[in-house]
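Listed below are the structures to be examined.
Consider the two complexes below, in which chain A is the common component and chain B and chain C are the respective partners.
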Partner chain A sequence: MKGVPLALVVAAMGALALVPFLGTGYHLALAIGILNNLVLATAWALFSGPTRYVSLATAAFFGIGSYAAAGLGEALPWPVLLAVALVLGAAMALVVGLSTLRLSGIYFVIFTFGLSELIRQLVTWWEVNVSRSVGRYIFLDVTQEGIFWQLFGLAALVFLVGWLIGRSRLGLALRVVGDDELVARHCGINVTGAKLLLFAVSAAFMTLAGAIMAPRWTYLDPSIAFNPVISFQALIMALLGGAGRLWGPLLGVVPLTLLFEVLGANFPNAFSILLGLVFMAIVYAVPNGIAGWFEGAWPRAVRLLPQKAVR
Partner chain B sequence: MTVLLEVSGLVRRFGGLVAVNGLSFTVGSSEILGLIGPNGSGKTTALNLLSGALKPDAGDIRLRGRPVAGLSPDRIARLGVARTFQLVRVLPSLDARENVLAGLAFRADPLWGEAADREVSHLLQRVGLGGRGHQRSAELTYIDQKRLELARALALAPKLLLLDEWLAGLNPSELQDGIGLIQSLRREGLSIVLVEHVMDAIRTLCDRCIVMNAGSVLAEGAPDAVLSDPQVVHAYLGDPDA
Partner chain C sequence: MLILDIVLGGLILGGMYALVASGLTLQYGVARIMNLAYGEVLVAAAFASYLLVTAAALSPLFGLVFILPAGFLASSLIYRVLLVPLVRRAKTREALEVDSILATFGLLFVVQGLAFVLFGGQYYSYSYLSVPVTIAGSTVPANRLLAFAVAAVLAVGIYAALMRTRTGTAIRAVAVDPASARLVGIDVQRVAGFAFALGGGLCAAGGVLVSMFLTFNAAMGVVFTMKALVVVIMGGVGNLMGALVAGLLLGLVETSVARLVDPGLTLAATFGLFLLVLLVKPTGLFGRAGR
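And then the complex of A and B:
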């Protein structure tokens, strides 16, 4: 059982790495979608999985990254821009985190959602009153393959960082916090500091994803960059896969990205309704995520096998 | 005997209710102090103030001369104050080993890796949970959860241990084991504040007792003397003809 998660991640990443060589332009676009969702959902679960603080601020960080690319992409060399986006995202997470991570449960959810909307409105206001235009055109010299490989590297980095955190004292601290904050404090854990640090790490990945994805849309406006659907999708995918494990979101990202692709292509007008129905079905049918179901199913399957075969 | 903990004039209000009202006492090193009194007399609130879970409205708490009143619970924990809870609180999604590791990994001189693994095994053995380390703590019996909670508290290598009715609900043989364990902790130099209703345990363990009533100290002294004090009997049982 121990090796299964690693094999799963390696196999999925390996299969994705073949797409630029073997697939068509459509396959590449699909793979980019999968990688983007993989980064967002895994980064979301990095913080929200162990702490159980459900954040709806994914769109806020993603949008900030996109806008950093749109606003500064022509002025700065690309690696510098990515560094700026990372710092912006992490800094905003620290500010937001300091004011919100003392909130618990439903208040945190609503605050993060409200925050995303607030930032969207602020950016809109800025664009209308200062930039004198609602949208921006992005003409950056990046190919689809270039975007693919950047996202691929980012996804690999999310898994690496997540794995390192999981093995570290910080990883244990967050699981203790997720179970019982008061006990965590009495164990000597600086609860606010631990949550803040991981919230910033998670946000930095989301911001980078936004910056990398921005050149894909030649036109960007706040309703695209800060679309709340981004937050909900990351959450649904992570929950379907299983937010309690690093490799869990992967299991939700692949099927749901493909499903949303089919739904979006065939029923564009009913997409939000279908998204909601999928969300409800997931919460009812697989409350512990596919990863949780799989881990439960494995011992069951082993028990069902003839005893000789198992030994 | 050197003074480890010095509490003076501690006050905590909840709205109009004064739960702790001018509480003062000291705890020496290697001393076991019993904190007893009827329900609602402020014992658990006092423990919450000592451990930082609540902030006092007035008064002073000094640990080895250092003021700690109003510090956050994690700072106080790192200064060497560990506690258990009246209603047992294990970390349900973690296994027993990880529960203890939580106490080792974030103290002032944290343990991690192999050294931590060895200490976890040692502490589980000590509270009678040897070999149960990989069981999920939510699946342990109530008594074993209490043992685990104590192991987690001891993992902090505390100077002062706050036990909130840790012996409640044990059967007679478990009670003997529990009392023996607490005595062995004291022999190692640990100071303990014990909130308890089990009178046998109080008589056996405590060097001194404080009886609380309505948030302040009603009586103080050796257990036998205090428990036969008419005022104390009155506070517990009310008037003879009531």
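And then the complex of A and C:
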């Protein structure tokens, strides 16, 4: 049982790595979608899993990354740009976290709920009043394969960082915070500091994903970059897979990305309705995610096995 | 007179926020449901009012007679079908909060998607009582004044009902302490469901009033939810008087920013105010310590 998660992650990443060599352009686009959602959902669960704070701000960070790439892409070399996006996302997370994470979780949810809308309106205001145009064209010399491998590296990095955090003092502190915050405080854990650090790490990954994905659009405006559906999809995928485990979101990302692809192609008008229905079905039917269900089912199965063998 | 313009416009807008937020404070403060689909109910009511006015040629005030009970019944149904299973499942109050946030977030997308399918993304408005009225040198459209008057009547009515009636007292008892309320013979789940439905009714009324003088579209629910939440936090969760005062305050702040700085920055002003409250007094302007 212990090796299953690692094998799962390695197998999934290995299968994805074959796509640029074996698949068509359509497969590559699909794989990019899966990797993007994988980064967002895993980064989301990295923070929201242990702390149980529901963050609805994925689109805010993703959009900041996209706009950083659109605004500075021609002025800065690409690696520098990624570094700038990372710093922007983490700084933004620190501001949001410092003002809300020391309070009860509900303030954080409300704040993140409106954050994408706020930044969208601020960017629109800036573009109208300062840049004098709402949309931007992005002409960067990045191929589909380039985007794929950057996202692939980012996904691998998310898993690596998540694994390292799980083994560190921070990871231990977060497990205590998740179980009982009061106990954690009495153990001398800096609860707010731990949450803040993790939120910044999670936000940095989301911002990077946004920056990497930006060249795919060619045309970018605030309603594309800060689309609330991005926050929604990351949340739903992480929940279906199971936010409590690092490898959990993977189990939700792959089936749901494929499902949304089919739904989006066949029912473009009713897409939002179907999305909402799938989401509610998950909240009611699989509250602990596939990972939680699997971990509950595994010991039950093991308990049953020897009895059958005796008979 | 710029100042008078701002005060009048701010109070009228704030009156709408106060009414809408008082519904949400009932839902969150009493039923403990953090309803992220709240603004969608408001937008649905605005569209219903639009249909009644344009297709059936009814006055929006007459429409209110239908739409307010409809909002009440729809919210009651949402509570019974969608939320009671979550209330039963939740072990703690925090667990219910998280579950209700997730469930209503899904509901938000369903309702918004339906509104997009039915009405598309464009803005809607209808003309009703667009007659200028001059008050002390400042000109206000009559429809805004009427909307404010109706909102004030509803707010005073609901406040009096909460303070003076038996059911109102039970609602306030559940808001203060659900566990103790059970000890004095209050059916907490029934009262919570009633408060949730009542909040939905107020929200629908707010939607009708807003549709009388604002343009609206299918995507606007989120902004209303956000503003109502900010007002609820500012006023102190479950505190009706606090929500009313904070709503008026938010209307004044937004109108000042729109008139003096830039209309594109009103949401930023809302967030600025929210941040200020969180940093200085997170229990709300009228909230008690504890939560």
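Convention: the second predicted complex is superposed on the first by the 305 of 311 C-alpha atoms of A that agree within 3 Å, B and C clash if a C-alpha of one lies under 4 Å from a C-alpha of the other, contacts with A are read in each partner's own complex, and residues count from 1 in each chain.
Simple rule for what comes next: a residue touches a chain if its C-beta (ideal position, glycine included) is under 8 Å from a C-beta of that chain, and two chains touch if they have at least 3 such contacts.
Small disclaimer: the values here were computed from a predicted structure and weren't measured.
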Simultaneous placement of chain C and chain B on chain A, clash or fit: fit
Touching partner for A:Phe232 - first (chain B), second (chain C), both, neither: second
Touching partner for A:Gly178 - first (chain B), second (chain C), both, neither: first
First, second, both or neither for A:Phe199, with chain B first and chain C second: neither
Which of chain B and chain C A:His186 touches, first, second, both or neither: first
Greater residue coverage of chain A in the superposed arrangement, chain B or chain C: C
Touching partner for A:Val54 - first (chain B), second (chain C), both, neither: second
First (chain B), second (chain C), both or neither touched by A:Ser99: second
Shortest span in Å between Cα atoms of chain B and of chain C, once chain A is used as the common reference: 8
Chain B-touching residues of chain A, taken from the complex the two chains share: 169, 172-173, 175-176, 178-180, 182-191
Contact footprint of chain A on chain C as seen in their complex: 34, 36, 82, 85, 89, 94, 97-99, 101-103, 105-114, 116-117, 222-223, 225-226, 229-230, 233, 262, 264-265, 267-268, 270-271, 274-275, 278-279, 282, 291
In the complex, chain A residues that touch chain C: 52, 54, 56, 99-100, 103-107, 109-111, 113-114, 117-118, 121-122, 124-125, 128-129, 228, 232, 235, 239, 269-277, 279-280, 283-284, 287
Chain B residues touching chain A - in the complex, by the definition given at the top: 51-53, 72-74, 77-78, 82-83, 85, 89, 91-94, 98, 101-103, 105-108, 110, 112, 152, 156
